[in-house]
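Heads up, there are several structures right after this.
Across the two complexes that follow, subunit A remains constant while its partner is subunit B and subsequently subunit C.
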Partner chain A sequence: MAKLPILGLFESADHAADAGDALKAAGVPMTDYDFLTDAPYPEGAFGEREENHRLYIFPFVGALVGLTVGIMLTAMTQMAYPLAQGGKPILSMPPMAVVTYESTMLTAIVFTIIGILFESRLPAFKQGLYDTRITEGYIGVLVNVDEDQLTPTQTLLTQAGAIDVVRKDGGSGA
Partner chain B sequence: MQEGKPLSSKQINRELLLTILNSPKWFFTTISLLGMIVLFAMGAAGIMINQGFGVTGLNRPVMWGFFITNFVFWIGISHAGVMLSAILRLSKAEWRRPATRAAEILTVFSLMTAMTMPLIHTGRPWRTVYWIYTLPFVPYDYARGIWPNIRTPLVWDPSAVYTYLTSSILFVLVALIPDFAVLRDRTTGISHRIYGMLAMGWQGNPRQWKLQVIAGVLLSALILPVFVSVHSIVSWDFGMAVSVKSWHSTIFAPYFVVGAVHSGVSAVAFVLILLRYVYGWQNYIRHEHIDALARLLVVVATGWFYFLVMEIVFGFYGREADEIAVRNFQFMVTPWNIWMMIFVGVTYFLPVGIWLSRSARRNLWIMSLACISVNIGMWLERFLIIVPGLARKQLLTFDWYTYRPSPIEWIIVGGTFAMVTMLMLIVARVAPLIPLYDIKEGEILRTEIKIGRVTVPAVYRED
Partner chain C sequence: MAATEAKGHGQHAGMWIYPDAATLSQDISEKSKATSSAFKTALVVTGILFVLAVIGFIARAADDGFDEIGPWGYYNAVFSMIFMVTSGAPLAACAFRFTKSHWRRPLSRVAELFSIVGILNLIMFIPMMIFLPSLDNPAGVVEGQMELRRTIWFEGPIGAPLAWDLLGVAFLVITAIAILWTSAMADMAEARNTATGFKGWLYRRLSGGWYGTKRQWNVQKAGLALLGAFYFMTVVFMHFVFSSDYAQSLIPGWKDSIFPVIYTVTSFQVSLGAILVALFILRRWGGYEGYIGKSTFWSASKVLLGITLLWIYHMFAFFITFWYGRLEIEQNIIQYLISDTYSIVFILNALFSFVLPFAVLVWNPVRRTDWGPALAGLLVVIGGLLFNIRIFVASANAAPGEKLYAFFMEHVPAPVYPDIWDVFMVVGGLGAAVFIYLLSTRILPVLSLWEVKEGTLYQKWGKLFRGEYQILGKPE
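This part shows the complex of A and B:
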């Protein structure tokens, strides 16, 4: 059976955390509910699942790519356009250092940005159930449940202190 | 450090999105006025390109003047943003919250403005395109058998500045995603669609926030070394110039970096005071923030002053003819000696004297005066490094001369100030200059603790 979203809106973090506890007690897997806020809360504030990520790999990969590109670009340019200057070597390291450093840092940063978006699952072309009141300070508890569980979940969220519950099928109410 | 009153999310949205959702009446008038100044400056640049450098005060041997001074100045201002944002993020300073976004955006626009200066200074800006490409894979000048030196330190400069510019733009855009989501939820029609695209489907779940917080710290750590490299490399534009021996100073790189931070942080403090005044953001940009910036500036200014003194002492100590000639020009020849005195006075003694007083640090008019004073001084500093060095260089020259900027140069330089102001105001019209989520996070983490008989404001801080 396909799962459907239901969103409970809470005025305080305490009530949202209570809703999380109630969902857990009701046997809803932690991967099936999420907390939506308009600002970062301390980790674990809602008793939410731990989020693992691999963001730290991205800058290292980017730096390696940039280092390689930087070395190749500067070395190959010097070799391709040899300019004799007072007996100095055609392939000279000092002029390569700065450009290589900058290309290393640039690609490390670009890869980090890609990593942030990738790990944040952005861009999300299909936005799930959402309510604009979340960016007014309300805390959303977004639950994905089987269709037959929508009404019990709505009751659960309301009992936990939701001021409103929004459903994909248009149903709403606390 | 927690002097403000508690704020709700609704109030934060309403007050900080005021610039976007309800544009003030003066906005279009001001933008038009600034736009006209920019157009006037572009016209002056057009005359210069059409007539040649004869309309400027540039001459042999003073081939770098107002344009390159202004280039170094704006690069210096750009250092405020990322330095302030990165160091305060990394150190988790609570008072960073209202300052970071405006500082980062100031970085982007001052860098863009800085890059126009060398282009104008080339005299034939379109030729810079030829450096890169005309035919596929064949840089133009090589194809014509001209063979410019690709190993020159001047190549380092654009590579560093474009790295810094690209990084800063990406840094700002990533930090703006959650705020674009707030705007998406508060707009309709085409604006809603555009902000929706920019928000990229942001919902604000714990994973996205975790990544956003890590992004701020990680990108800060990555951009800091770039920021240090940029002004070091700008100093090497001078330090590596063969023919001007008085620029061959080993402390130029740190001296330039600290000077850039000094002028940049002063500029950010001034911008914050202006924003507070113009948009009525008294709840966000508070006296405590300006006070903290001023105390930071005392340290930065003193570090800069140390490098200035060392640069002069080392210059004299070698007793080389080039150096003595330049110092003689700076300290003994009028009006250059008067400019030197003004420069040191307005860059160090006047502002630091002000910043040592707590009441002066909390008086926004006096703080504005101090910040403007620093930036006038720092502009003069670059001018007094560049022009006397060239006016009295000994190697590869046949003449000593002086420099008097022409009206064309004054207009172009004035136009850059109008351009940065105009761009900042335009951005304030489409994106919040104070990060909403950062302020909201500060409100979430705000608390009070009782110590003995007093209750003091406190902030919870995560590792």
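This part shows the complex of A and C:
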């Protein structure tokens, strides 16, 4: 059965955390609910799960690619057009370092931007469930549940202190 | 009112402000939409200057073409001035985020918006690629001349210097805009449902999919840290490359490891100065007094004071090395850039980049005001402009034609004064930069809403011992 989203709005972080506790107690997997905020709250403020990401891998891979390209480009140029200057070796490091550094930086940056998009799951072309009151400081608790669990979840969120509960099907109420 | 009364005791009275997070988004949104007559006037004036810059550029191109770099010295200077500000400003946002300084919160977006002005740099750089003299001596192997002039590119790897210069400038702009986008995504997402017209379209495209989940905040934080680190590593490199290609390498025999550092320090100085001036204008006349506290000026002023001292230290180090060395080229360079040809510009440069801002910033009571650091900021911006004129006009005109391939500059050249087209390009170029900055404030809020809101979670005015103080939360 496809899961449907339901969004509870809370005035305070404490109430939102209570809702998280209630969802956990009701057996809702932690991966099925999320806290939506207008500012980054400190880790564990809502007793939420730890969110791991792999963004750091992207620039690392990018830098390796750029480093390889830079070394190959400069080395192959010097091998193809060997010019002995002032007794320096054909493959001398200082001139190679400038180009290699730049190519390493540039690919690392490109991969980081791609990583941000990928790890943030952006862009999302379908409008998700959201409420503009979150921009006023309200905290949203977004739960994905089976269709038959929508009403019990709405009750649970309301009991935890939600001032409003919004559903994808247009249903709303506290 | 979206903020409580400013707090603070005694000499720190009015230092801290505590915005109301609940009304912040709406209040800033209304301020962003409101266009005062002063703003319109500023837009018109800077728009006219922008047009003058274009006229000056076309006239210079028609008069002198792109074959020689000499006539373009003032163009290089204004490019460099804008480059210094636009490349250094985003770094201020990143650096103070790294250090987790609460006072930086109102400063972040003001700094990041300069990255949009960076697009002007990218466009301005295109003709600069055309008139940069070739690395190879066009005359080939000639007695008494170098076959290849001395640059950081040595024997000239593929694409050097133009392709690598352009790629570097372009990526600097792209990275700065990526930092702005990553930082502003949450704010754009807030407004995407209420904004209309072009703004609404843009916000929906640029922030589609952002809902403020824990994962997204974590990735944003890590992304800003990584991009900031790479930006720093790239900006310092590009300062080195640009100052080498368009200054040092154009004066035959100028070999100096300190100059690129002076260039970077000057960039950090003028960009922080420009940020402080922008903050002051926003606080005093933009209606942001309730969001930009004096503490931001106070804290930033200490950093500016430090950079100002670094500037004079590096200038002295540059001077003393050449003065003590006393090689003919070293004496010629000192005479050319410092004591003879451009001596008046140098004296004014030293006054505005060190003496005057130091005299302002050294006083505690002045640092604790909003106008003191902003005044110092304005002074260093003027100093930066004089620095760029002195260095880049002098470099472009040091060795015309084949003299560029000489082993060293044997004679001290005469100064080159600006003509009317140069004045148009310099004044107009600066106006164009301000014009683009003003337009960017219409697209994005000048305050980083999420950062200011985050600040309200961790800062409050409360009782501690027998007094009331700012109480800070430090989650990490």
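By definition in this document, the second predicted complex is superposed on the first by the 154 of 174 C-alpha atoms of A that agree within 3 Å, B and C clash if a C-alpha of one lies under 4 Å from a C-alpha of the other, contacts with A are read in each partner's own complex, and residues count from 1 in each chain.
In this section, a contact is a pair of C-beta atoms (placed from the backbone, for glycine too) under 8 Å apart; a residue touches a chain by one contact, two chains touch by 3 or more.
Values in this document were obtained by computation on a predicted structure and should not be read as measured data.
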Joint occupancy of subunit A by subunit B and subunit C, clash or fit: clash
Partner chain in contact with A:121 - subunit B first, subunit C second, else both or neither: both
Partner chain in contact with A:112 - subunit B first, subunit C second, else both or neither: both
Footprint overlap on subunit A, where subunit B in one structure and subunit C in the other make contact: 34-43, 48, 51, 53, 55-56, 59, 77-78, 83, 85, 92, 95, 98-99, 101-102, 105-106, 108-109, 112-113, 116, 119-125, 128, 130, 132, 134-137, 142
Contact footprint of subunit A on subunit B as seen in their complex: 8-10, 13, 142, 147, 149-153, 155-156, 159-160, 163, 166-167, 170-171, 174, 177-178, 181-182, 185-186, 200-215, 218-219, 222-223, 225-226, 229, 233, 436-437, 440-441, 443-445, 460, 462
Complex interface listing, subunit A residues touching subunit B: 13, 34-43, 46, 48, 51, 53, 55-56, 59, 77-78, 81, 83, 85, 92, 95, 98-99, 101-103, 105-106, 108-110, 112-113, 116-117, 119-128, 130, 132, 134-137, 142
For the subunit A and subunit C complex, residues of the former touching the latter: 34-43, 48-49, 51, 53, 55-56, 59, 73-74, 77-78, 83, 85, 92, 94-96, 98-99, 101-102, 105-106, 108-109, 112-113, 115-116, 119-125, 128, 130, 132, 134-137, 140, 142
Contact footprint of subunit A on subunit C as seen in their complex: 21-23, 25-26, 152-155, 157-158, 160, 164, 167-168, 171, 174-175, 178, 182, 186, 190-191, 193-194, 205, 208-223, 226-227, 230-231, 233-234, 237, 241, 449-451, 453-454, 456-457, 473, 475-476
